[in-house]
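Same chain, two partners: chain A is paired with chain B first, then with chain C.
Right after this comes the complex of A and B.
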């Protein structure tokens, strides 16, 4: 792999230009409706220069200062998930034939080659888990797959964790270790650029890079270490499975059910949650129909409805499902916890419920 | 000979007619609908036969006059499937606010000849008077809901209703949460979707026009709204609005009204709004 180089800040546009020339649609962070979201970038000027975030349980605010930096914020509400596992999409359509039979037409989406700039370590870890779920099982998901194969990932090492972040405790950040095509470390004067794949290396070769000064590398590394140390939250252990399942009747589940709105925001913003519902929308004439897949959540009634019975009718059981799956049985399914420490479920919970506090309260001391 | 088409009626009770627009705004689908069913009564669209026997009756509006009370019994007798549509028919509508106030007293204060007004002291949903086969909530309901119900009945199956909360639909649209990012008193966490999270997608807070969702935690949302700076009466009004007559909202509204009596309001109690600068 080529040695890292230094991209002076005025040349940032060259990165976008090289990606565009290579045929990629460039998505990156932008401010929209008071949050940082991933949208199409017209130029490097669209990036959120000098924008910083303030996140607390149930609250998110942005502010701006004179900093030249474009990535000095922690993740907003979106992850890579909505780009790959679409919130709603058509799986197939069907039509009644003149012979009385039904014909089915699969709807595999056309995916444009897409580069995402600014991906954080926690989201790369989440992507790894979503890849396992959607692609590595016995029946790979063609919808997810076609989008995934068209993705070019430009990671940015995180130097500005929010109060809600805890990726250091889950072992998923703040440094992007792998899973990217290019990685950037942002300094005031520019970016340390590292390639992480042959595709990334080819692109790196087209950038007007300068030799990397060891002081710049040391400064960049120091900021990432400081970002890990600055994190205020942690899960009590990387494997809480036994602790959770030993405490299925803990009074804390009743307590959190009093506060939880069963609103699905946590699972929707969680970059690893993958649950979906399917529905049929017949045309009025009854001769054709469209079959949709859309995001679902263990906080809905439909998630546990089976032929007239709802297994998890109340919030206590729904919240318990979220935690025991995410931090518990995920270990059996995918060999690790389903939490990458991004903190989104804490900031974007309208009730300000903190997964680290709930898990700690339920597991108490016995989470070996 | 072709089988007779199912007969359909659209009845209006105490309402603004907005839900009937769900039919009138269908465009081409309205013509297609007219091919599939025989529309025997729909005064706003033309056909008038209020006493006709039908297979499917859509009922808009609440029961708020003695005449409504009698007429809904006849509609029920004449209809195989009765579907109430909209907040008025399912929860009593905005006009059910009078159930919480001195309705006759207000009439006497406002109208020169209140004795010419023949209304009941309450406005109540259709299901409080006759058995209802299906309720389509919303203020107003939309074409997708009514067509979905007709299509399912034509197939001979029970219509599938959306049950998710506005929040889930809001996230499916990737709208930025206005409660979390702007501190607005959004009702999405307790409200049934069906609108496609219309308000949050345009940067404003949901005001619960589709009524309570399943498993709503109105107590916890009320506390959160109070935490955002709303005084108890303002919290009560978030619940006592379009769907004030829906039991979950009526109860939450009553609870927060009682808090008003316990906690006197003074200016210092109201935190200044935490406005984002971007």
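Right after this comes the complex of A and C.
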């Protein structure tokens, strides 16, 4: 792999230009409706320069200062998940023939080659888990797959954890270790650029890079280490499976059920939650019908309903399902926890429920 | 990449009314090549699609070596199944499958078999009964036990009577609530264990309401049946049938893909735990 180089800040637009020339649609962080969201970038000027975030349980606010930096914030509500696992999409359509027959039509999406700039380590870890779920089992999902194959990922190492972040404790950040095509470390005067794949290396070769000064590399590394040390939250262990399943009747489940609104915000913002419902919408003329899938949540009544029975009829059972799956049975399914420490479920919970506090309380804090 | 979500057209070749709310649809793919390629094991299920309404998981009750037939016995309880109930011969549906792990029929060879069912749980197990009866020499004594809530919930009454007259076959029927003329026992299905004999190493396959299966498991374990000889067919919400949609999870298991038939030790920890 090519040696890292330094991209002076005024040349950031060259990165977008090189990606555009290579045929990619460039998406990146922008400020919309008071939040950092990933949308199409017209130019590097669209990036959230000088924007910082303040996150707490149940709180998310942005503010600006004179900093030249464009990535001085922790993640907003969404990043990669909706780009690959669409919130709602057509799976297939059917049509009624005049002879009473039915024809079925696949609806595999047309995916444009897409580059995402500013992907954080937690979201790369989450992407790895979504890849395992949708692509690496016995029935790969062609909808997710076509979008995934068209993706070019430009990671940015995280130097500004929010109070809700805990990726250091899950082992998923703040440094982007793998799974990217290019990685950037942002300094005031520019970016340390590293390639992580042959595609990334080819693109790196087109950038007007300068030789990397060891001081710049050391400064960048130091900021990432400091970002890990600054994190205020942690899960008690990377494997809480046995602790959670040994405590299925812990009084804390009743306690959290009193606070949880079962609103599904946590599962929507979670970058690893994969549940979805399939649903049918027939055309009014009866000649065709469309089969959709849409994000679903284990916090809804319908999620566990079979005729005459709802397996999880109350909030206590739903919160317990979410936590024991995310931090427990995920180990059985995919060999690790389903939590990457992004902290979104804490910030976007209207009741400010903190997954790290709930897991610690249920497991008794005695799990080394 | 093949599209695992896409159904294929099937035709209803025959429709059999089993009881006022239960019917059997005999299906075949309209594409003869698909029909020729189609293979399944008893205990597996298909996703059956009703045009304009949606899909439901339904277990397959026909014989796996009869390549002309895909039989589904269905109770009209929901939007899709009530719509399916109104269709007749010649109507078209969508179908994809088969899915999941079926009954351990290879493991069962040479052993006594006990089939324990409750309610419409008998439907997925009827395929096993037919399978064993057509390959009688490969299996030991066959015991068929069926529990129902009310005596008039029993379907295939004549079938049970016919099976009970076969050599080396025992049939036991129990109803929670008896009625005049009821020829079975009154009580939970576990009362039948005292009335039948099965050898050591018998394989138990059960399907039906979970409280019934849990009671049976406890009683059979008390009587010395080994945990790994108990096999249960589980039911959970399923939308995709391929382990993607998440609805059917029971702990780390995707019931659609890892089940629906499980050996007891694989689900023991969460069986009977409310909410899983």
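The criterion applied here is as follows: the second predicted complex is superposed on the first by the 364 of 368 C-alpha atoms of A that agree within 3 Å, B and C clash if a C-alpha of one lies under 4 Å from a C-alpha of the other, contacts with A are read in each partner's own complex, and residues count from 1 in each chain.
By our rule, a residue touches a chain if its C-beta (ideal position, glycine included) is under 8 Å from a C-beta of that chain, and two chains touch if they have at least 3 such contacts.
Predicted model, so just to flag it, every value in this text is computed and none were measured.
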item: Touched partner set for A:311, first chain B, second chain C, both or neither; value: second
item: Contacts of A:262 with chain B and chain C, given as first, second, both or neither; value: first
item: Which of chain B and chain C A:100 touches, first, second, both or neither; value: second
item: Which superposed partner A:150 touches (first chain B, second chain C, both, neither); value: neither
item: Which superposed partner A:133 touches (first chain B, second chain C, both, neither); value: second
item: First (chain B), second (chain C), both or neither touched by A:282; value: both
item: Which of chain B and chain C A:300 touches, first, second, both or neither; value: first
item: Which superposed partner A:114 touches (first chain B, second chain C, both, neither); value: neither
item: Touching both chain B and chain C, residues of chain A; value: 279, 282, 286, 296
item: Complex interface listing, chain B residues touching chain A; value: 29, 32-33, 36, 147-148, 150-151, 154-155, 160, 163-165, 167-168, 171-183, 186, 188-190, 203, 214-215, 217, 219-221, 224, 274, 276-278
item: Chain A contact footprint on chain C (complex, rising order); value: 1-9, 30, 49, 51-55, 77-78, 90-94, 235-237, 239-240, 242-247, 249, 251-254, 257, 269, 273-276
item: Contacting residues of chain A [partner chain B, same complex]; value: 31-35, 37, 51, 58-64, 77-78, 82, 87-88, 258-265, 268-269, 279, 281-282, 284-286, 294-297, 300-302, 313-315, 347-352
item: Chain C partner contacts - residues on chain A that touch it in the complex; value: 91-92, 94, 96, 100-104, 106, 108, 133-134, 137-142, 145, 245, 248, 274-280, 282, 286, 289, 291, 293, 296, 298, 303-308, 311-312, 316-318, 320-321, 324-325, 328-333
